[in-house]
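The following pair of complexes shares a single chain, subunit A, combined with subunit B in the former and subunit C in the latter.
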Partner chain A sequence: MSTVEETGLTAPGPAVEPPAPRQSPLDAAERKLGRLLVAPGQLLLVLLVAFPIVMEIYISLTAWTPTGGSNWYVAYRDWIWFDNFIEGLTSESFLSAVVRTVLITIVAVGIQFVIGFLLALLFVEKFPGRRIATILFLLPMMIIPAVSGFIWFLLLQTDGPINKMLSFVAPGDIRWQWLSDPSFAPVAVTIVDIWQWTPLMFLILLSGVMAVPEDQLNAANILGASYWQKLRHVILPIMTPIIIIALIIRAMEAFKIFDAAWLLTQGGPGEASSTISVHLYRQAFINSQWSYVAALAIVVMIGVSIAAAQAIKPIERRQAAEA
Partner chain B sequence: MSAKTLRTTARTVVIALILALFLFPVYWMITMAFKPQPQWAPTTGETYWFPESPTFGNFKRIFGGEPTDESGLGFLTSTPIDATDSIITSLIVAGLGTVLALLVGISTAYGISRFRAGGKLLPFAILQLRMFPPIAVIIPILFLWTYLQLNDTYWGLILIYGAVTFPFVVWLMRSFFDEIPREIAEAAIVDGCSNFGAFRKAILPLVKGGLATTALFVFILNWSDYLIALVLAGSRVITAPVFLSQIRSASTGVEFGSQAALALILILPPVILAIAIQKHLVRGLTFGAIKR
Partner chain C sequence: MAKIELENVWKRFGRVEAVVDLTLDIPDGSFIALLGPSGCGKTTTMNMLSGLLQPTSGEIRFNGEVVNDLHPGKRNVGFVFQNYAIFTHMSAFDNIAFGLRVVRKQPAETVEREVERVAELLDISHLLEQRAADLSVNDMQKVAIGRSMITNPGIFLLDEPFSNLDAAFRAYMRAEMKKLQRELRQTMIYVTHDQVEAMAMADHIAIMDLGKLQQYGTPDEVYNSPANRFVAHFVGSTTMNFLPAELGATDGSLELRLPIPEARPIVLEDGSAKLLDEKGERGHTLGIRPEHLELLDPANERADARGTVLLVEPLGARNIVHLRAGEIDFRVVVPPTIRPRVGDALGIELERKYVHVFDDMTGKALR
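The block that comes next holds the complex of A and B.
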């Protein structure tokens, strides 16, 4: 059919049969039922997306605070137009939180990818104990974030085991102040994310490596390809889509980082390890600047939406290809 | 040594090393839970790599037991801690939140998969919802919850957990429903079933495994939450993760031992459930983009 269209010819009569519909058409009753089935879900989406956005836009244009004594719906009395946005976009602590979050995301996801990919390659071949090793390696990702924050709080104490171990391998008695030194605190937050989520990267990439067709590797072997050549010319090209998905999903999640960061350092010392989520939390619940936070939240959501619209494309393509 | 043995040895060493690095934190927490107080809060700055004379004292302590003062220095004179209520609270809100997410999510997923309802936009909107940092969405919810007097209540948390995790149900269940040929439901209807009957008798048995996986996965997500329970509750209704972070000893400032004991209890359900659904974990965490 497509050739007919491309040559601009009209199909003569009924000779070209339309492809049989994959699914039979729905009648009116079924369509109604379908709408009914998705209605509760749509309602929740309204509750969770539409309402917060409308409300946030409203509050963000005012100077309302919960400590001011008036209810939020009369916030229009303190109308200030875009002052909150201007303040946010010129606020050094917000902008540096954005930059820091992006940096943490890039570093954490990058290291997760390197370790995860290396391990996935090592786990392709069968070896005794592979199943157990896989399950053990997944443990960090199964640990709830509040607990992983606590675990690393223990480990990174100045006289905690991490410094003790470093003292074994490095000269001198190492007493790094992981949680209270401004240059170490962001590193601590990054380490927790790497520890917790490398296993997920590994799992996704392992399923990708496993899916590389054996005959293609055999063909490469016959041609006398070295391991690196096989990796570069056979494995990597086949795995590209899955790698992109793994990176996007991890980056999305790392960008939201809150629990571990909050429990480890509360964004401190000062604001040295404050991420976007931590910054918003502090502004809202410690400084009570709710209308300002609403403005920042809108800025973040717009930014994330733009990134998401780009990021979702490979995932949708893959799902379309599989359907 | 031949090249092959050398390679095998090198691989084993690398795997063992990485594994050791990633498991050490878990080891540290588990042993911490069984260490007596002088070992988890050493005043000398000494590190106890292995617990000497392990004890259940920390576990007794988080369930209201008397503080064990084995140092004899009168360290633990603080008030008793009891985590029972917070664990029950977590079970209730995470459990009922999961039920709510399943009810709404399965209905939506089936509507999308079987009747192509909701248009193309719905799956996208649902996915995008997960991309926003929760803190950006939660502040207006806090207004609304305060207005509806749902703030700091069980129902408030159940409702929000259901709303936050139902996207996962939609994406997972949709990928399971899509695997079932349409003809199965149609055949059941020809046999005289109603649409609901066809769903219950023909479709549901086929997605049982997927449904169980989805339920466990969503429960793990709800059980793990910290931020929502911190913002929307936390004074009357306290979930276990929030409780964990609030444990402080009045006299020493830290309660590492009893915190580790509670942490160990908290991670057991998700770890066991996650191992049970290990095969489908990736599908869940990638919104069904990757199937194994």
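The block that comes next holds the complex of A and C.
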């Protein structure tokens, strides 16, 4: 349990329904061999997933901290049951970070979806330079988040290029305090997330648009359907599952937003742009409250898992209808 | 209801010429088959008629009005695709209703009445509530036909609509489509590579090859007076016999000599000799359909040539006898009662009035 990435924020995703057990033609000896062959992989999985989670739950129920002088496995000496959870769920700075993160996620993913979808609809037509334009659009996604965070840190300085460019198009000399004004800071974090992750949305949705059968569009064309009617009655219904998946992937990622917020503002000014990840990072590495962080990470994991499971329900219903 | 004219229509894809100088008049209310092997340009022609493609040059007119650049949805055509192209995420009902409900925004009662009328016509009333993706391919194609029919298009375009269906259903749909067309009196254009289908359904057949129109005529015309060797070869369920022939004239009659030992020259007395004057001494091919050959006793003096039986294909309603005479193989269609044994020697007589002569250089039929 060392960095923020391992605190369980990487929720193990919505559980996929296991396929119905099939009658195996293998005999007992072959089955034993099979188990032996997958054993190393399963062991690795236990070490990488199960062990940290169990350890996290264990520590979350204690008051253990790495600076306390004792090893983590004797943390039971400071057993405090659910005090960490109660403290976290009543902490104003955590709860406001949750609300802020949810808002940033909704706004960022919403805008990413609209831009990504419009671009995908545009890019499904063949036009000269399409391949090069596609690659250009995907570039932001390929930049390491820490690097893009630093680039935006420079761009958004009060004397930086963004304000200068805005001054060209808007009247007066614009000197917005992007990073130090409490109402601008969360906007800046959101803009960076939109800039960096719209390409992913575009890429997923483009593959979805391209999978819409051309002859169905032709059939709608010949029946006299307008572009809007084709979009509404043919393209969108066919794309619904992929849209939901794109939104889930992006929302889960955006919920963990850290790099941009940390590099631009360290969650500041004050806590004005503090997201869940920034809050946890501060508590873990500045205040050394590891057991408290472990408890909050569990809360977040449960919350994200429930949300993702709800979000994927329409797809499951559809599959059930198709079966 | 619409009359269609194509005038000098070309379609090029880069350097490929898909349709070459196509001129075709399709009268209102007629049933036309576009027949040809794959890659002959028939589907490209359909796509230009539907508006999915624009011709590179030339004019397409519906009722005298040029429609080259008219949007597909404004042409009042129905199009049935080879792979149905039904909306898989909708029910059969919603598929059929699409044109009226979504596009024309008709009131719900009208839509329901019309969908039910069309469904009854196609015998799919019991399937309307099913998801289109769950239907059998046969029913999918019926839904696709219903979806095109409901807007009462003046022109109905069918692009190999039955080629993915099983044989029995194909024969059934063939008859149904013909009945439907008689009832609705729409102009119907039907693309197929199956000459039996074309012959059975169409008033007129346009035969295409390599983007060019080869012949445009009634089934009877393309069968009995093929314009060239391609048409003669393509049309007919048992392929026509083609024999190298040497042309000569005697007293105003045309004489065809076959390279078969002891064969009689075929003399055509109906003034055909003038063909020879025009065409000089070029190579020629004699063509005759297997059903226009008669098998005789080898001693019969009417026999034009004598051969031995190589193979007999008994097809039930008729037998196909393969014979070899000299270096030449013949296929002869005979009634099922005639069933010679392999190795039998037989005489062959060519029915004079069904003998075709093709110019080897141009492939054109001289008669």
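Operating definition for what follows: the second predicted complex is superposed on the first by the 272 of 323 C-alpha atoms of A that agree within 3 Å, B and C clash if a C-alpha of one lies under 4 Å from a C-alpha of the other, contacts with A are read in each partner's own complex, and residues count from 1 in each chain.
As a working rule, a residue touches a chain if its C-beta (ideal position, glycine included) is under 8 Å from a C-beta of that chain, and two chains touch if they have at least 3 such contacts.
Computed from a prediction, not measured in an experiment: that's the story for all the values here.
> With the two structures overlaid on subunit A, would subunit B and subunit C clash, or do they fit side by side?
Subunit B and subunit C fit side by side in the superposed model.
> Would you sort A:Asp259 into first (subunit B), second (subunit C), both or neither based on which partner it touches?
first
> Which holds for A:Ile144: it touches subunit B only (first), subunit C only (second), both, or neither?
In the superposed model, A:Ile144 contacts subunit B only, not subunit C.
> Which touches a greater number of subunit A residues, subunit B or subunit C?
Partner with more touched residues of subunit A: B.
> How far apart, in whole Å, are the nearest Cα atoms of subunit B and subunit C in the superposition?
Taking the overlay as described at the top, subunit B lies 11 Å from subunit C at its nearest C-alpha.
> For subunit A, which residues lie in the overlap of the subunit B contacts and the subunit C contacts?
322
> What does subunit B use to touch subunit A in their complex?
Residue positions touching the partner: 8, 11-12, 14-15, 18-19, 22-26, 28-29, 32, 45, 47, 49, 103-105, 107-108, 110-112, 114-118, 122, 124-137, 139-141, 143-144, 162-164, 166, 170, 178, 182, 186, 195, 220, 223-224, 226-227, 231, 241-242, 244-245, 256, 259-260, 263, 266-267, 270-271, 274-275, 278, 281-282, 285-292.
> Would you mind writing out the residues of subunit A in touch with subunit C in their complex?
Touch list, subunit A to subunit C: 213, 215-216, 218-226, 229, 233-234, 237-238, 321-322.
> Per the contact definition, I'd like the list of subunit C residues that touch subunit A in the complex.
Listed in rising order, the residues of subunit C that touch subunit A are 50-52, 71-75, 77-79, 81, 83, 85-90, 98-99, 102-104, 131, 133, 144, 147-148, 151.
> Quick check on the complex: what are the subunit A residues that touch subunit B?
23-24, 26, 30-31, 33-38, 40-42, 44-45, 47-49, 51-53, 55-56, 59, 72, 115, 118-119, 122-123, 127, 133, 135-152, 154-155, 159-161, 164, 195, 198-200, 203-204, 207-208, 242, 245-246, 249, 252, 255-256, 258-259, 262-263, 276-277, 280-281, 284-285, 290, 293-294, 296-297, 300-301, 304-305, 307-308, 312, 315, 318-319, 322-323
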